[in-house]
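Below, chain A partners chain B and then partners chain C, in two separate complexes.
Take a look at the complex of A and B:
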C-alpha cells in the first residue's frame, strides 16, 4: 500500500479498529485474493480482522465514509467467488468472532458467533447428544458465517435439509452501524412485522455483516448404516436413485460418483476396488437402533434389484469410513489432477439426471476438458467438476462456455443455478435465465432496501450490483 | 463471460405432479382432497394438513406450522415455489420446483405467510413425502409431571426424527400427549414397542389407535411461536382461557382454539399481551387470522417502502 489514497484508507481503518488488525502489505493480502474457486483472483486494498462483534459494529458505523466496497469473509472456502473483493475495497475477516455462546438442549438451539468453525460446533454439541445437521464437505475449515451467507448444504441434506432449515435467528449489522436481531432462539419474527431473516440467509454478504446466529438442533441419531453399490450404467443407477428417494427408510444421504470419478479414484493411492466404468452410489440410513436395523435388508435388496451385484454395507465405523473413502477422497484428488478446476452446482428434477449428465460429457469431451461428476443425487444437486489450466489461453473460456450451456439446460429442464454454493460472481451472469422481469425487480429490491449503494460485496449475485462511491 | 439477455416473461409454474421428485404444483385454493387425489396414486402424501375441507391457502395464512412439522419442518420448508399475483395483477414466479436452492434472495419464505399484504398466491409447488401406508395415533395420559417427562423422552432420543407429530393437548381441563406415527405396516410393531416402553418408563397410560387418519385440528385462532422448552407451560397457562390448546412440542408452537364470540379479537389480544415482551426477547412471535398484522416499526417501514415500490410497480 503506497498511494496516498491507500495510505489514507489504512489510516482510517486503524482508527476504526483500535484492537483489531489491519492488513495492507502485498504478502498479507495475497491469501485473500481468491476463495475455493481458486482461479479468479481479486486482491483487496486491505483486510481488517475485528477483535469482536463490538469492534465489527464500530467498523460498520464508519464503513460508509471509507468510500470503498466492504466484503465479509469467513474461512474463504466458498466455491462461487463470494467472499472476494471483486471491485477492490476492504475484506472483513471474521475469524476472531468464534465463541459458542450457548447450547440449550432443552430448547434445541444454540447461539454461535459467525466465525465458529462448523466442525468445532459439531464437536461442542456431541457431548450434549445433539447435532446441527448441515454438513458441507468444507466442514473442517468453513465457518457458520459463510454457511449462513451461502445457505450451505452437504451430503446429508437429502433428509435433513440445508442451512436455511436450521437458522432460527440472525444478528446483523447494516452499513449505518445499526445492529438488528432478526429472530432468535424461538425462530420467529421477533418484534418485527415481517420475517427479515429470510432475506439474510443465503444473501452472500450483500446485505449486512452477520455477527451471531441462533441455530436449531436435533438429537443425534443412535445408529448409522452405510451402503455402497456400483452399477454398470446410468439407467440402472437412475432406477436405484428413484427407488431410494421414495423408500420408507428416508435415507439421510444418497451420493453418486460417475465412472470418470471412479477412474480418478482407482488410478490414485486412494483406490478401493471399484469396478472400472461403474457408477457408484453411496447411501446412508440412520435412526434408532431397533428401527434402522430392521431396514437394512430392504435397502440392500432395493440396491440389488435396481441392477447392482456389488452391494456392500456396514454399521461399523471403520468399515463405514472405507465405504465413504472414494466419495470423500474425490474432492482432494480433483485438486491434484489439474492446476484449476470449477465445481458447478446446479439442481435439477431427478428425472433429468441422465440427460443433463450426458450434456456435461458431450460438451466437455468436445472441448477436450476433463469432467468428473461427484454429487448429491438424492437432491438432484449436480456438481460437475471441470478440470483445466487457467494459465493456458482459452481454457477458462471453454469451461465458461460449457457452464453457460449447462446452466441453460438446467433451467430448461426445470432446475436452478445453485443448490448450496451460492451465486457469487461465478454465476451472476446466468441470473437472467432464472428471473423474469417481475421477479427480477423483486430480487433487486432486496439489496436496494438494505444496501442501496451496493457497498456490501458488489458484483455478487447480480452482476449489475456495482458500487459507486 | 457471456451474459444472458433479460427475460421478457416470467417462467411461471404450470400445474404438474413429479412422482420421482415428489413435487406437486396445484392451485392455492386446492383442498386436502385435491392433493390426496393426485398424490395417493403415486404413494405420496402432503403431511401438513390442518383441515380436510378448507383450501391450502387458508391453512397457510392461519399458521406457519402443522403437527407434522415436528418431522418435516414448517410450511415454508415444504412449499418450494409459488405463482404469485402482484397488486398490479401481473404474476411473478417465486421459488423453484426443486428442493434445494440458493439462487437469489428468499422471497418465497418472506411472502408465504404475509397474508395479502403484497398480493396473493395463485399456485403452490408442494414437497410431498412417501406414503408408507400405516398411520397410528398414540395418546399418553397422566399427571402433569409424567406428561412433561413423556414429551422430554419423546424428543430427546434418536426416535424424535421418526415421530410425525409430538403434541401436548389441553382441552376441557384435561391434558394429554398425542404422538402420530407413519410407517410401513411391517414396522408398526417396532414403534408400538417403543411407545409401550415409553409409557412404562414415564408412568403414563398409553392408548394406541392403529390404522387411523392424521389428526385434523382445524385452523387455530391464535398461533404463538416460542422455544420448544416453553410450549407445554405456555399451553397449560392458556388452557383456562381457551377452548383448546395444541402445543407442537418440537416446533415450539402453540395453536390456540377459542370459543366464538363477538369480542373474540379483544380476548385474543388480552390473552397474548402478557407474553409479548418475552416472545420478542426470544425472537418468537404471535399471529392471529382474526387480527391485522403488527404495524411495522419506523426502521422496518423504510425497508418495506423500498420493497413495496418494487411490488407495486407496473
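Take a look at the complex of A and C:
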C-alpha cells in the first residue's frame, strides 16, 4: 500500500464501509486471486466484506465514483473464472449476507440473502418438509448469489430444472445505488418488472449486485431410490442413457463416470466398490412412495437390458449418500491426481455423447494430457476434466488447444458452451464460435444498459468487455 | 521444515475447490477468505514460491487458525493441511514472526518436565479436590493429590488381576498434573472390563502442546515416547484424550497405532452402568476435533455411550470445533469465546435434569466449562469425560463373563 492511488482507494472504501472490512495488503488480496480454477490468478486492488445488506447498498451508491471495476463474489467456487478481478478493482465478498429471512411453507417460497450457503438453506428447509431443487456439486459451500449469477444446475436438474426455474424474484442494486426488484414471492404480481428477472439470472455479475432472492420450493419427495449400474463400454452406457430418458419413470438424475473417473473414486477415500474399467451410471427416482416403489424393478430391468450385469439399488440413506458424495466430490478428488485441472461444461445433444467423448479421449491422449469425465449424462451436460500441471511450461497451452477443438466439435454437433458453470473469463474466447457479430452486439448492449462503462465484472462473458474509467 | 524450504509441490494437491471454507471456524467467524484453509494455503504457497513477500497479515491469518482439522475431513484432495500448518506455525515462531503468550511459553517448558509440572500443579489439584474452582477453565473434580496414575494402576492390577487384552496407557501431562481423576476413572473402567493396564515408564508429554504453540521441543518429546511405547508388545496403546492420542499416533506411525480409549472399549462391549428408572439425566455428546478430524474416528461408539446408562444424544454441530483448539482459547480468547457461544447456546434450552455435556478431551472439557463461568450458559450443567460416566467407582469386580484373551 505505497502507491497514492491505492491508498486513496483504501481511504474511499473505508468511508463507504464503516462497519464492514476493507482488505488492501498484499497478503489480504492473495486469498482472493482465484476461484475454483485455482491455477489462474487475478489479484484485485482491494477486497471489501460488507457487514450487511444495508452496507452493501451504501457501497454500491459510492462504487461508481471509485473508478475501478467492481466484482461480486460469494464462496468463490465458480469453475469459469467468474468471481475474480480479471481487470483488477474491488472484489465485494458477500460472506456476511447469510440470513434466511423467511420460509413460507404455505406459498412454497423462501426469502434469502445472497450469501446464504446452498446446503445451509437445504438444512433449514428440511424440517419444514420442503426443498430447493438445484444442487450443484459445490453445495456444501457455494452461495445462492453465485448460483443465481451463474444459473447453476446440478445432478437433479435433469428432472427439476436449473436455478432459473426456481427464482421467483431478485433484488438488485445498480452502480448508481438504485435498488430494483425483479419479480417477487407472489410470482410477479406487484409493482416490479417480473419479466426482467431473467436478465439477472445467469448475468455473471455483469449487471448489478444481488442482495436477496425469493426462491420457489417444492415438497420433499416421500421416497427416493438410487441405482448404480456399470457398463463395459460407452456404447452400452449411451444405450442405457437413451432408454432412461425415454422411460416413463422419468429419473430425477442420470449421472455418468467414465472408467478414469471410476478409477479416481476407487483409489480415494470415497471408494464404493465400482468395478475397474467400467462406465458407471448413477440414477435416481423419487416421488410418492407407492408410485416410486412400483417403478424400481422396471428401472433396474431397463439398466440390465441396456447391457449391465451389475445393477444395484437402494433406498438406504447412508448408502445413497456415499454414492452421491463420491460423485459430488469428484472435482476436488482430481487434486489427488494432478495439481491443476480445467473442466469444460459443454452441453450436447445426447445422440452425440459417444462421438464427443471419443474426441475428448483421442485429443487428450495425443497431447499426453489425462482426461477424466464425470458429468450430467441425462442433460448431455459434459464435464471433461483435463488434468495438467500449470508449472510445466506448455501444459496449459496444450489443454487450451484441446478445449478449443472440443468446443468446435460441440458446436458442430449442435451443442453449446456452458450448461451450468457460466462463461466467466474461462470460456469467453469461445463465444464467437456460437454467436455471430450481430448477436454478440445485441448481447453486449444488455450490460451496457445497466452499467454503461462496464464497471461490473469486466472481461467476463465477452472478451472485449473492458471497463474504461 | 520452513516455508522457505517448502517447495510449492507441497501445496499442489489443493485444487482450490473451496469445500474447506464451509467447515472452517475462523472463516465462519470472519467471512474473510484469507482466514480459511484455502486462503491460508494460498498465502503460504505464494510466499514459498517467492510471489508474496513476508507480510504481517500472513502471520496474522496463520495465527488465527484453530487447528481443528475439520478442513482435512472436508477436503476431497487430501491436502495434509495439519502437517503443513504445523510446519508453518513452527517456522513463524522460530523466526519471531509470531510469539506465543508468556504463559504458554512457560507451560511449554513445564510439560517437558513432568516431575516439575506435577509439583507445580499440586496446589491446583488441592484446590480442585477441595471443591474450589479458581479459573474459568477449571472444571470441578477430585484428583488424587499425591498418588500417581501409575501407582494407582499397579495397585488395582494387583487387586483385580484382569486377564484380558493388554494395553499401554498414555497418562498425559496436563491430565496427570491437573485432571488425574479422569486417568483414575480410565484405569478402573479398563480393569473392570478385564483389560490389563500398563503405564509405560519414561513416557512424556505427547508433544501436542508444542505443536499447538509452534514452540521447539516436539522432536525430543516424540523421541522420548518412541522409546517408551515403541518396543512394547501390547494389544493396544490407548489414550483418554483425543488430542494427545492423535499426537502420539503421529509419533508412533508407521508401525504402532494409538487408539482412543472409548473406541477401544467399543470393541469389548463394556460393562453397562445401571441408573434409576426415574433418572432424568441427559447427556449431550460433543465430539473432539482431534478424534473425528485428527484420528479420523467416526465418533464415540454408540455401545459405549449406551453403557453409560444415561439417555444421550449428540450435541448440535457435534463435529464442529468448540474453540478450545489445544491452547487457542488462551492464545485467541475472543475468537474462542465467539466459537463457543455458537456451539453452547443449545445448553440453555436443553432438556434433562441434570444436563451433562460429555466429551473425550480434557481441553474441550475446559472450554465447555468456561461457557458457564463466562455466562454463555446460564443454567446449571456438568462437564464430564465419557469415561467418567462409565466409572464403576472404587468398589467393583470384574464380571465373570468378561472377554478372555
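In this text, the second predicted complex is superposed on the first by the 452 of 469 C-alpha atoms of A that agree within 3 Å, B and C clash if a C-alpha of one lies under 4 Å from a C-alpha of the other, contacts with A are read in each partner's own complex, and residues count from 1 in each chain.
FYI, a residue touches a chain if its C-beta (ideal position, glycine included) is under 8 Å from a C-beta of that chain, and two chains touch if they have at least 3 such contacts.
This one's a predicted model, so the numbers in the text were calculated from it and none came from an experiment.
Peer 1: Would you check which partner chain A:96 touches, where first means chain B only, second means chain C only, and both and neither mean what they say?
Peer 2: A:96 sits against chain C, while chain B stays out of touch.
Peer 1: Return the chain, chain B or chain C, that is in touch with more residues of chain A.
Peer 2: B
Peer 1: Tell me the contact category for A:331 with respect to chain B and chain C: first, second, both or neither.
Peer 2: So A:331 only meets chain C here.
Peer 1: Give one of first, second, both or neither to describe whether A:181 is in contact with chain B, with chain C, with both, or with none.
Peer 2: Once the two structures are laid over each other on A, A:181 reaches chain B alone.
Peer 1: Regarding the shared-chain residue A:218, is it in contact with chain B (first), chain C (second), both, or neither?
Peer 2: first
Peer 1: Which partner chains sit in contact with A:4 here, chain B, chain C, both or neither? Use first/second/both/neither.
Peer 2: neither
Peer 1: Could you please specify the touching residues of chain C with respect to chain A in the complex?
Peer 2: Going through chain C, the ones touching chain A are 8, 12-19, 21-23, 27, 30-34, 36, 38-40, 42-43, 46, 52-53, 55-58, 61, 74-79.
Peer 1: Would you pull the chain A residues touching chain C in the complex into a rising list?
Peer 2: 21, 23, 25-28, 30-38, 49, 75-77, 93, 95-96, 115, 117, 119, 138, 140-142, 268-270, 329-336, 339-341, 389, 391
Peer 1: Inside the complex, what are the residues of chain B that reach chain A?
Peer 2: Touch list, chain B to chain A: 1-11, 18, 20-23, 43-44, 73, 76-77, 86, 90-94, 96-107, 109-110, 113-114, 130, 132, 155-162, 183-184, 186-187, 190-191, 193-194, 225-230, 250, 252, 279-285, 293-297, 299-300, 302-304, 306-307, 309-311, 313.
Peer 1: Of all residues in chain A, which touch chain B in the complex?
Peer 2: That would be residues 104-109, 129, 150-151, 153, 157, 161-162, 164-165, 168-169, 178, 180-196, 198-199, 201-203, 214, 218-223, 242, 245-248, 250, 286-291, 294-295, 347-351, 376, 379-381, 400-401, 404, 408, 411, 414-423, 429-450, 452, 461, 463 of chain A.
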